[in-house]
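Given below, in the form of structure tokens, are the structures.
The same subunit A turns up in both complexes below, where it pairs with subunit B and then with subunit C.
After this line comes the complex of A and B, so read on.
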């Protein structure tokens, strides 16, 4: 129970919620605004994280350059996956994106020479060497640690995780504001019309295919940024981090917050983060009868129950409007 | 009529769905600035032909030319961008968007439909948005939907949705509008106003209209040319007066033995 009042613990929860905000924002634009069923969003995260780590470790590229290339790579894959599938009916995109994400994960798992395989990026350098892509990020974070410590005196200001929390949420808020503006613009209006009825949009001269491609690529870019922060935060990562469950969590966030609403994403992410971390405190009966390892799975049950409850009583999510409910 | 180059030329268009030949070599022209009615019994292939002309179906054979450009094989959005817009028999109102957004969506030349311009020239986007809102509100006022501008299009009745689609089509400032049963389900007063507006637009701007219509009174009073389809073919073409006297047209509506199959009595030209 002591953890419950522990600032460091909630800082960590906040970091995860921030990463998920950026990640789910990409899905909100693709699925919530445009109606694209992207069931492989985690792949964009994986592609960016791996591209960055590989370029830094194997090519010895500077971190910033590698990060930009990593975002570009994820967006390129978004384009490649969209080109053959977005002309087809919506369900084909769903099938293709699941398959695509699993292919990406299996390549990461099996191409050990390229990706470090099941051991993750720690084995990127090969042999028994421990690979580390994160030194530039950590020195960057170290450089802004002092001003943060001055702004937030006390223990919190000296916690590197707290600095990370500030960076991630600063980036997330900027991205949210930019996305909010885009979705409310005439561009966003075309995206929403495509979600509603592609034929109606086409009959009014809108190139639905091109707009769907743009939404997919923009969303991929946001997924990529989330992937980079994920990598920066955890110093090393491995293929299971990008399992289909990760994509599913982004859907949960979008649905809890409200489909199609940009500011629903951070709210959904924070609630999701709290539920996810909160089940740790279920140390009372009947949960205490379970072994602690099993108790970790209770959170999935809780999330499932919340989803069922939400669908029954507030299907539009917390911020959504019932009249705009399309699913 | 024939000395003016047609704005739309349909030549020997065929479209088959498996064993069903929906359009079987249809040929007709639409003169610029005309109001042409496309009539025919149910299943004659009128809507299929509309879908072919607007690019939603690809014709199996034949040529379709709009303003001198081949448009058969083109895509719906390109055809619409050329200035040929359509409405749908079963309305396609964007139900989860506001009525105003529905109309503004069709507004032409909005730079903000390009994502990068939203950020690069925000003032131009805002200015155009302001202009479009003014035009859209004017159109909505005309179809008596201005009071519903902020409502969701899904809250409109069937007839109101028809009017919304009409306003939306006009919003794109087209050269030619194809209306698929524009007055079906619209109350008679409003339907009459809609048709007055069609006449007014044709007179003031030279806009061309092609409409599918079942109400013969409307067809005879509004259109200056009538094209009659039956079983996928154009069986008669001419002024309303000529067409209504054409025995082939009477046959198509009543069957050759008029006394045995007169269910479609309401649609018979008088």
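After this line comes the complex of A and C, so read on.
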């Protein structure tokens, strides 16, 4: 139970919720606002994280430059898969995007010379060398550490994770505010009209295909930013981090919060983070009869049941409007 | 030449497993309009149910196969009662059902992990027993797969073409509203569909566990996208299309590793062949190679 009051633990949960907020915000724009059933969202995260790590380790490019190129690569990938697939019906789009994402993951897993293979980015340099792409980020974070420690005296201000928490949520809030305005702009209204009735939007002279492509690419960029933060935070990643389950989690977040609502994303992410971390505190019967590894399975069962329950009883999520829901 | 024949036969064996499961998935998709992402986990459940019969209870593998089919059919019917039938009554849309099936997949997979753990399991058969047919070598598991999958495929074919139930199922897959107004009891056919499709999933789970020599809780979900590829290749809702699609895909996956074709792909990329086939068919001919042209 002591962990329940442990600030360092909840800081870590907050970091994960922040990364998921940015990740799921991309999906909210694609799926919630525009109605695109993208089931390959994890691929954008993977492409950005790997592009950044490979450029830094193998090309010795500065981290910031590599990160910008990484976001560009993920958006370009979004454009390339969007061009042929966005004409498909929702369920077919879902199957196609998940197939694309699985191809990306298989390449990351098996092209060891390029990606480090199943060992992950630690093997990027080849041979027995341990590869590390993160030193520029850590010195940047170190530079911010001092003012943070002055602002928050005590243990918390000296925890590097707390600085990371502040950085991630600052970025997340800026992105949320931009997305909020974008969705209320004429551009956002066209996206919503496509979700409601694509033919009607087209009849009013809107190029629905082009708008859908824009939504996909913008969402890809957000997924890429989440992938970079994921890489910065953990200093190491490997292909299973980008399995379809990661995309499913983003759907759970969007659906918990509310489909189509921008500010539902951080709320969904925090609730999801608490559910995810909260199963750690299942130290009472019947859960205490289980080994701790088995409690991880219980956590996913709980998340699966929440997803089913929400879709059955409250498909608009906590904040969504029922009238806006066409799924 | 010998390598070609060997790969071809290996492909037909894997393909027949994909084919059997693809028939089940295409029923759900075509007849019930459910894009069932939990289908891979139905396969896994069947593999473990058969494992209980074969290893825990010591039954011979043929009886274990029947037990696995029955158990998975019961599971499928149970889920139809508590989940799909109520959702149908609420007129839930395709996307809602799709997302629900993902929640269901998480629940099934993690319940299996909770009960049986993450380690690989084996059936009580001699996986190292190999029969030599001159240019061709087949393992006991591959022979068992052929011996089990062939009658299963034939009986599904007969059921579809000859029985009243099969005709009603095909009518529903063709046009649901038209079938309903001509007096077909949609709810009853839906339940029958879940039983047949789940039994086929259970059987495929056992077969894939046999052919791969061992299986674990992710075995079924790993096969899910290749099964979807077979369904789409054959045209959604078409059982015969799914059969041919599954066999073609199995052969294509194996032959992709053949040296004579541009030096052959690394075998680790076999699933990618299926994913690529899925994408290409959806983009070029979304009604499937054998499907009728219709608006998708």
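Heads up, the rule we're going with is that the second predicted complex is superposed on the first by the 325 of 327 C-alpha atoms of A that agree within 3 Å, B and C clash if a C-alpha of one lies under 4 Å from a C-alpha of the other, contacts with A are read in each partner's own complex, and residues count from 1 in each chain.
The rule is short, and it goes like this: a contact is a pair of C-beta atoms (placed from the backbone, for glycine too) under 8 Å apart; a residue touches a chain by one contact, two chains touch by 3 or more.
All values derive from a computational prediction rather than experimental measurement.
Contacts of A:192 after superposition: subunit B is touched, whereas subunit C is not reached. Of the two partner chains placed around the shared chain by superposition, subunit B is the only one that A:214 touches, whereas subunit C remains out of contact.
Among subunit B and subunit C, the chain that touches a larger number of residues in subunit A is C. When the shared chain is aligned, subunit C comes close enough to touch A:106, but subunit B does not.
By the document's definition of touching, of the two partners only subunit C reaches A:312; subunit B does not. With both structures placed on the common chain, the touch criterion links A:203 to subunit B but leaves subunit C unconnected.
Using the contact criterion defined above for the overlaid structures, shared-chain residue A:143 touches neither subunit B nor subunit C, since it reaches no partner.
Contacts of A:301 after superposition on the shared chain: subunit C is touched, whereas subunit B is not. Subunit A residues 326 lie at the interface with subunit B in one structure and with subunit C in the other. Subunit A contributes residues 37, 84-85, 88-92, 94-96, 98-100, 102-103, 106, 109-110, 245, 248, 251, 255, 290, 294, 297-298, 300-301, 303-308, 311-312, 315, 326-327 to its touches with subunit C in the complex.
The residues of subunit C lying in touch with subunit A in their complex are 35, 83, 86-87, 90, 92-96, 98-100, 102-107, 109-111, 113-114, 225, 228-229, 232, 266, 268-269, 271-272, 275-276, 278-279, 282-283, 286, 296. Looking at the complex, you find that subunit B touches subunit A at residues 54-56, 75-77, 80-81, 85-86, 88, 92-97, 101, 104-106, 108, 110, 112-115, 118-119, 125, 129, 152, 154-155, 168-169, 172. Residues 178, 181-182, 185-187, 189-190, 192-193, 195-197, 199-208, 214, 218, 323-326 of subunit A touch subunit B in their complex.
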